[in-house]
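Heads up, there are several structures right after this.
Next come two complexes built around subunit A: one with subunit B, the other with subunit C.
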Partner chain A sequence: MELFSFLHYWVTITAIYSIFALSLNFQYGHGGLVNFGQVFFFCFGAYTVAISANIGVNPTVSIVLAMGVSGFVGYLMSYTARNMGGTYWGIATLSVGEIVRLVFLNEDWLAGGANGISFDVKIPYFATLTVILTVISFGFTKMVMHSPFGRVLKTIREGDDLPLSLGKDVFNFKKKTMVIGGILGGLAGALFAYQKQFINPEDFFPIETFIVWAMVVVGGRGNDMGTLFGAIIVQIFYVGTRFAKDFLPLGGDTLAALRMVVIGLLIVLIMMYRSKGLIPGKRRIYKVE
Partner chain B sequence: MMLLSIHKLRKSFGGLRALDGVSLNVEEDTVTGLIGPNGSGKTTLFNVVSGFLPKDGGEVYFKGKRIDGLSPDEIARRGLIRTFQIDQSAVEMTVLENLLVSSPSQAGEKLWRVIRSFGKVLREEKDNLNKAASILDLLGLKHLANEYAGNLSGGQRKLLSLGRMLMAEPVLYLLDEPTAGVNPTLIKDLLAFLRREVISKKGTTIFIIEHNMKVISSICDEVIVLDSGLRIAQGTPPEIQNNEKVLACYLARRRKPEGESN
Partner chain C sequence: MYLMMPQLVLNSLITSAELAIVGLGLTMCFDILKFANFAHTELAVMGAYLGFLFNVQLNWSLPLSFLLAAVLTGLFGMLTDRVVFKRMREIGDVIPMITSLGLSIAMRNGVRAIWGSDIRVYNVELSAGTRLLGAYITPSQIWLLSIVFVAMIGFHLLLKRTKLGKAMRATSDNRALAEASSIDTEKVVLFVWFIGAAFAGLGGCMIGWDTQLDPMMGFMIVIPVFCAVLLGGIGNVYGVMLGALILGFVQNFGIFFDFGGIINLGGALQIVDRLMIPVDYKPAIPFVILVIILLFRPSGIMGKQKGK
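Let's look at the complex of A and B:
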């Protein structure tokens, strides 16, 4: 029974993080937007659900609301990308992520500050729902990347000059990329809140961003299947180490610290031996007559 | 009719005046060459005209409408497309994808249209694929259609950048040294190709930066010479080759004072 509840938890959390990783892969893997603050989409999604659930909004509406709020945050964030190149923008997003967390931490009236916010609304068949939503998100990103829109996005990933010279409105594409990434990230955050029933600012440390980065990098940048695979592997290590205390003569604190070491080691090994990830991005083969 | 008109265009980088009030015209249905010593402002001119660099002063008219101050993508959408001196091919995309993406204003680039008018997007894709395939055939790159552009040689990438232009079907081609680093045999093929597929077609105008005088004299109707950000001469290729000012601007840089070693 314990094994079943563990698997149940693992499947749910992996599905949630898969959607989160898909959102980063869409922005970074496909669109080349180096976002180090991906966690703020997650954060906005989770808080939107927590706050709206507390005032009695129905779960479906609150999840849609969370996606809308995060998508809008993505839209606003895209304006900072207008005149800022790659890594500079990455640093800016990192700080925005921290600012968002600190606002939720210090504004007690908003969502309980450091004490967090809890609610008691359960969604039936929640694990199944998360898996279905992961499949839908996967299908959606696949469809977008197969369209001419996705092709322009792939061109933008390699720099702005070529698409600009061909008449593509690069900023507009980046805006849409940020909105789609935001919607997916918000969905992940919303599901995360429903799974935990309680959130506080500690759930949204920058480390969360790096965990999804690890998933994308390990799985394969620019490949949605790889991203899902990366999410599964990283979650095995992440969640698995929690249970390792039953088998290893180590304290819980040591293990908690060790799991970051393990994930770090994983990234280093991937970078050394498979720099494009376990399932690298694939080219699309066309039939040419 | 003047397709492209430039009036007193200025651009400085700090204290360096790359364009010092240059004025020139490119006539419709011609091939106009742009030559000049290194650092004379040729590429800067292209960058300012195509909107990649903001101007400091002056005006640019394309098809009679003012285009300076517009964004580069807007200028491209109006039919002025440039190539880059340094190859900009999307190396993580295939040769074919490089061509497909170049087709202008595709319906499928708007997400809601992908969903709403899926049939139209598919038809357009099919048309673009056929067009890209025939361009690859012309360029002799068909066997590399599904190869990553990053695996092509320098010369093949120059061909690919021409292919992207053909796909984009501009009114005015701005070509920045299309033959630099290409071997002489391939240059011949490239020129033959340009003549056959671009120059011979009505309604296409080429403005080309070139160092190779053979290329200039074989395809250009008119040559403009820049030096220190100013137009110093204009005329047919034979006229330019015998122009004293032009010779002086090229030679003055190369001739060393007597007695100086090396």
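Let's look at the complex of A and C:
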């Protein structure tokens, strides 16, 4: 029975993080936007659910609301990407993520501040629901990437010059990319809140962003299948090492630290030897007659 | 507020000194290697804990411990370049940046795995502060300010008076041209890593001495250090000193400043009563400044036009 409840937990958390990783992959892998503040979508999604559940909004509506709020945050954030590229934007998003966390930490009236906020609304068949939503998100990104929009996005990833020369409004595309990434990130955050039933600002440290980055770079940037694979690997490892303390003579804190050392080194090694990830995105070749 | 003025100035100077000595290496690496090294402040943590190893665990004297810690951190910086970043010279700025992020996670948690998450202090006697121009200053703070000051002067002389400094400036200015003038730029890069990492390690020791050792401290200063670097303009070593100074003062004075005065146009209007930044938001000040600089003036206020 214990094994079953563990598997149940693992499937749920992996599905949630898969959606989160798909949201980052959509921005970075497909759109080339280096977002180091991805956690703020997660954060807004989770807090929207927690706050709305506390005032008695029904779960479906609150999840849609969470997606809407995060999508809107993505829309606002996209304005910072207007005249900022690569590295600079990465640093800026990291700061914004921390600012968001500090606001939720210090504004007690909003969502309990450091004490966090809990609610008691359970969704039936939650694990199944998360898996279904993962599949839907996967299908959705696949569909978007096969549309004309997706094809332009791929050229934007390689630099602004080519799409500009074809008369594409690059900023507008980035804006839409941020909104879609925000909606998916908000969905992941919303499910995270329903899974935990309690959230506080400690759930949204920048390390969450970096774990999702590990998933995307391990799997292969620009490849949604690879991203799911990366999410599964990192989660197996992340959850699995909790059992390591049963047969290793190490304290819990040391083990938690070692786990993060391995995740960090994993990012470094993948970037050194396989910067396209374990399953690199396929380049589609169009035959010209 | 006027009574606290000397103390605030002193606190600002100390914050600035810490940011400047850590930021110096970051701005040089950023300039020459063209990527944002998120692992740079972790070098400060490493230096601080190496100092702890020598000073507390091996019971060596404080100056010797700090010196050894700085040198070893410098060597470690060179090692990371040789092993990790050297192969990434020609593939743009995003991949080395993500790599440095992974490295920073590994280093921070490596320190945590070895020395634990508990707060540590160096083996020094706590001494009462002396009163100086209306502010209380501890001996460690006097040392901190003087050491950072000497390090900055030393670095300035190195940059302006030695052949190596000239090679460094040439490499930063135009790498291809420097190579054409038979400067071994790879050697310069290695030296930049050494001195940048050693300064960061020394800075970590200073922060640890002034306050305490915490594996998370590298993460806590990463954004302020980036902020100082970007304020001064990337690659501008004097800019980072100025940026650190500005940030140090804004951070310490910012929470005492009444913005109501500005909104009321100096008393002409009576829109708001008092408007001050809550103390809880003190850590957010560098974040906000950073986002504002990046949005409006990414080349920094000293304006070495390099931009995107």
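Please note the rule applied: the second predicted complex is superposed on the first by the 284 of 289 C-alpha atoms of A that agree within 3 Å, B and C clash if a C-alpha of one lies under 4 Å from a C-alpha of the other, contacts with A are read in each partner's own complex, and residues count from 1 in each chain.
We take it that a contact is a pair of C-beta atoms (placed from the backbone, for glycine too) under 8 Å apart; a residue touches a chain by one contact, two chains touch by 3 or more.
Only a predicted model underlies this, so the values are computations on that prediction, with no experimental measurement involved.
Student: Clash or fit: subunit B against subunit C, after overlaying the two structures on subunit A?
Tutor: fit
Student: Quick check on the superposed pair: does A:Met271 touch subunit B, subunit C, both, or neither? Answer first, second, both or neither.
Tutor: Only subunit C is touched by A:Met271; subunit B is not.
Student: Residues of subunit A touched by subunit B versus by subunit C: which partner has the larger set?
Tutor: Ranking subunit B and subunit C by residues of subunit A touched puts C first.
Student: Of the two partner chains, subunit B (first) and subunit C (second), which one does A:Glu98 touch, if any: first, second, both, or neither?
Tutor: After superposing on A, A:Glu98 lies in contact with subunit C but is clear of subunit B.
Student: Between subunit B (first) and subunit C (second), which does A:Gly167 come into contact with in this model arrangement: first, second, both, or neither?
Tutor: After superposing on A, A:Gly167 lies in contact with subunit B but is clear of subunit C.
Student: State whether A:Tyr47 touches subunit B only (first), subunit C only (second), both chains, or neither.
Tutor: A:Tyr47: touches no partner chain.
Student: Go through the superposed model and pick first if A:Val152 touches only subunit B, second if only subunit C, both, or neither.
Tutor: In the superposed model, A:Val152 contacts subunit B only, not subunit C.
Student: In the overlay of the two complexes, what angle sits at the CA centre of subunit A between those of subunit B and subunit C, given in steps of 10 degrees?
Tutor: The vertex angle at subunit A equals 80 degrees.
Student: For A:Tyr17, select first, second, both or neither according to whether it touches subunit B, subunit C, the two together, or no partner.
Tutor: A:Tyr17: touches no partner chain.
Student: Examine A:Tyr88 and indicate which partner it touches, taking first as subunit B and second as subunit C; both and neither are also allowed.
Tutor: second
Student: After the superposition, what is the least C-alpha distance between subunit B and subunit C in whole angstrom?
Tutor: The answer is 11 Å, the least C-alpha separation in the overlay.
Student: Using the touch rule from the top, collect the residues of subunit A that touch subunit B in their complex.
Tutor: Interface residues on subunit A, with respect to subunit B: 143-144, 147-149, 151-152, 154-155, 157-159, 161-170, 176, 222, 281, 283-286, 288-289.
Student: Where on subunit C does subunit A make contact in their complex?
Tutor: Touch residues, subunit C against subunit A: 35-36, 84, 87-88, 91-99, 101-110, 112-113, 116-117, 215, 219, 223, 226, 230, 278, 280-281, 283-284, 287-288, 290-291, 294-295, 298, 308.
Student: Using the touch definition up top, name the residues of subunit B that touch subunit A in the complex.
Tutor: Residues of subunit B touching subunit A: 50, 52, 71-74, 76-77, 81-84, 88-94, 96-97, 100-102, 104-111, 114, 121, 124-125, 129, 133, 136, 142, 145-146, 148, 164, 168.
Student: Which positions of subunit A touch subunit C when the two form their complex?
Tutor: Counting only subunit A, the residues touching subunit C are 34, 36, 80, 83-92, 94-96, 98-99, 102, 105-106, 206-207, 210, 213-214, 217, 253-254, 257-268, 271-272, 275.
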